[in-house]
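We call the chains A, B, C and D, going by the order they appear; numbering starts again at 1 in every chain.
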Amino acid sequence: MTLEVLYFVWLRERVGTGRETVETGAATVADLVAELRARGEGHAAAFADTRAVRVALDQELAGFDAPLEGVREVAFFPPMTGG
Amino acid sequence: MTLEVLYFVWLRERVGTGRETVETGAATVADLVAELRARGEGHAAAFADTRAVRVALDQELAGFDAPLEGVREVAFFPPMTGG
Amino acid sequence: MAVRVQAAPFDFGAECGAFAAGRRDAGAVVTFAGVVRDDPAPGGALVALEIEHYPGMTERAIAAMVAEATARWGLCDCLVIHRHGRLAVGEAIMMVATAAPHRADAFAAAEFLMDYLKSRAPFWKKEIGAEGTAWVAARAEDEAALDRW
Amino acid sequence: MAVRVQAAPFDFGAECGAFAAGRRDAGAVVTFAGVVRDDPAPGGALVALEIEHYPGMTERAIAAMVAEATARWGLCDCLVIHRHGRLAVGEAIMMVATAAPHRADAFAAAEFLMDYLKSRAPFWKKEIGAEGTAWVAARAEDEAALDRW
């Protein structure tokens, strides 16, 4: 399947881009993260500690065990600090 | 001693005035209320149920057992409904 | 810190804007406005509210509440405006504004001030309806709200 | 109900005034403004704040919070404005306004919205100091504040 993968804040800075199109067979977010880590040093640094990473699937917060079936947009970002 | 006695809201309406000067030897607020009740029907109606009456001595909330010594202004009113 | 007890209307928006303007010290500003609500009244709908107060004690009582809130929640600033006299439906009765470094303190201080203004500042409301008037009775839950502080 | 996510500044006073104007339904209006505070930053004092967000998700997330608050506290009206981009010290970052028949509901809804905006709306703050920048870390107490709802 084809996913749009978005990175925000220091994940974007480490990966080096805010958005990339990823061709993957990953079943869950955790599987996708394992694949992304292998893409290079920047990706590995971004996902070095996933306790500090939050994920949204099609703009809804989700867990790392969430299935990717039917999903088009995956976003990774740190804990939010708005308000 | 000479006291300025103030009435607000329905106590004022029942007594028929918002302010009167009272010459009294009452030791406490409760003693004063007993004297005021004897002043006439209006006063008696105002103090018919003192559970619904609050008192301030020199503009500070006080209890019915508070002493009047040194006090110049006594105010009677119902529970407050501001805000 | 400012306390104003007045018969004249005030401009809630302008007061909020002036209160929040150029705050470099406080990250959090909370404001509250009490508005005359279109409630049932004697003879149908409410026509107006008449607010009586105890001049002198009113200012003292509010100043004491403001001093306590300021000390307890470390407020950078605080404003209370309360009207008396006749107010039409939709008019602002009163407002409170608090400024503090963090939002929890600004919120707590504003709620504290509201609870105390309701039950410990000498104001009384009379509802003026089409066919009569009635003094508003104190609500048990307003008195009970003081227990949390 | 209105949600605005924008780079442009907004006028907190004017928004408060417009929100409270002519309310006959709601007796209680609560507003909150978050202001850029003059905090320590890399290289001394804070020069500015830069707010990043996730366009699309931001609006969805806030709309969901507003819908929940409205249903839970029976709000008559609700407004959320949140800026992104660069903000100078003293500028308003965001505001919330709630209107309800009674004050306890208006306060609770405003605090609920603030707690959720802090930790569940996709905004991130970067502090720009005289000699460097740093992303603001999430605070454990902000996450913990969600537990009360």
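Definition applied: contacts are C-beta pairs under 8 Å (C-beta built on N, C-alpha and C of every residue); 3 or more make two chains touch, one makes a residue touch a chain.
Values in this document were obtained by computation on a predicted structure and should not be read as measured data.
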item: Longest centre-to-centre distance from chain C, chain (CA-based); value: A
item: Separation of mean Cα positions, chain C and chain A [Å, integer]; value: 48
item: Distance from the mean Cα position of chain B to that of chain A, given in whole angstrom; value: 72
item: Between chain A and chain D, centroid-to-centroid distance (C-alpha), Å; value: 26
item: Where chain A touches two or more other chains at once, by residue number; value: 83
item: Where chain C touches two or more other chains, by residue; value: 34, 103, 114
item: Pairwise chain contacts, counting only pairs that touch as defined; value: A-D, B-C, C-D
item: Chain A contact footprint on chain D (complex, rising order); value: 34, 51-54, 56-57, 60-61, 82, 93-94, 114, 117-126, 135-138, 142-143
item: Chain D-touching residues of chain A, taken from the complex the two chains share; value: 6, 8-10, 56, 59-61, 75, 77-83
item: Interfacial residue positions of chain C with respect to chain D in the complex; value: 11-18, 20-38, 89-90, 92, 101, 103-104, 106-107, 110-111, 114, 145
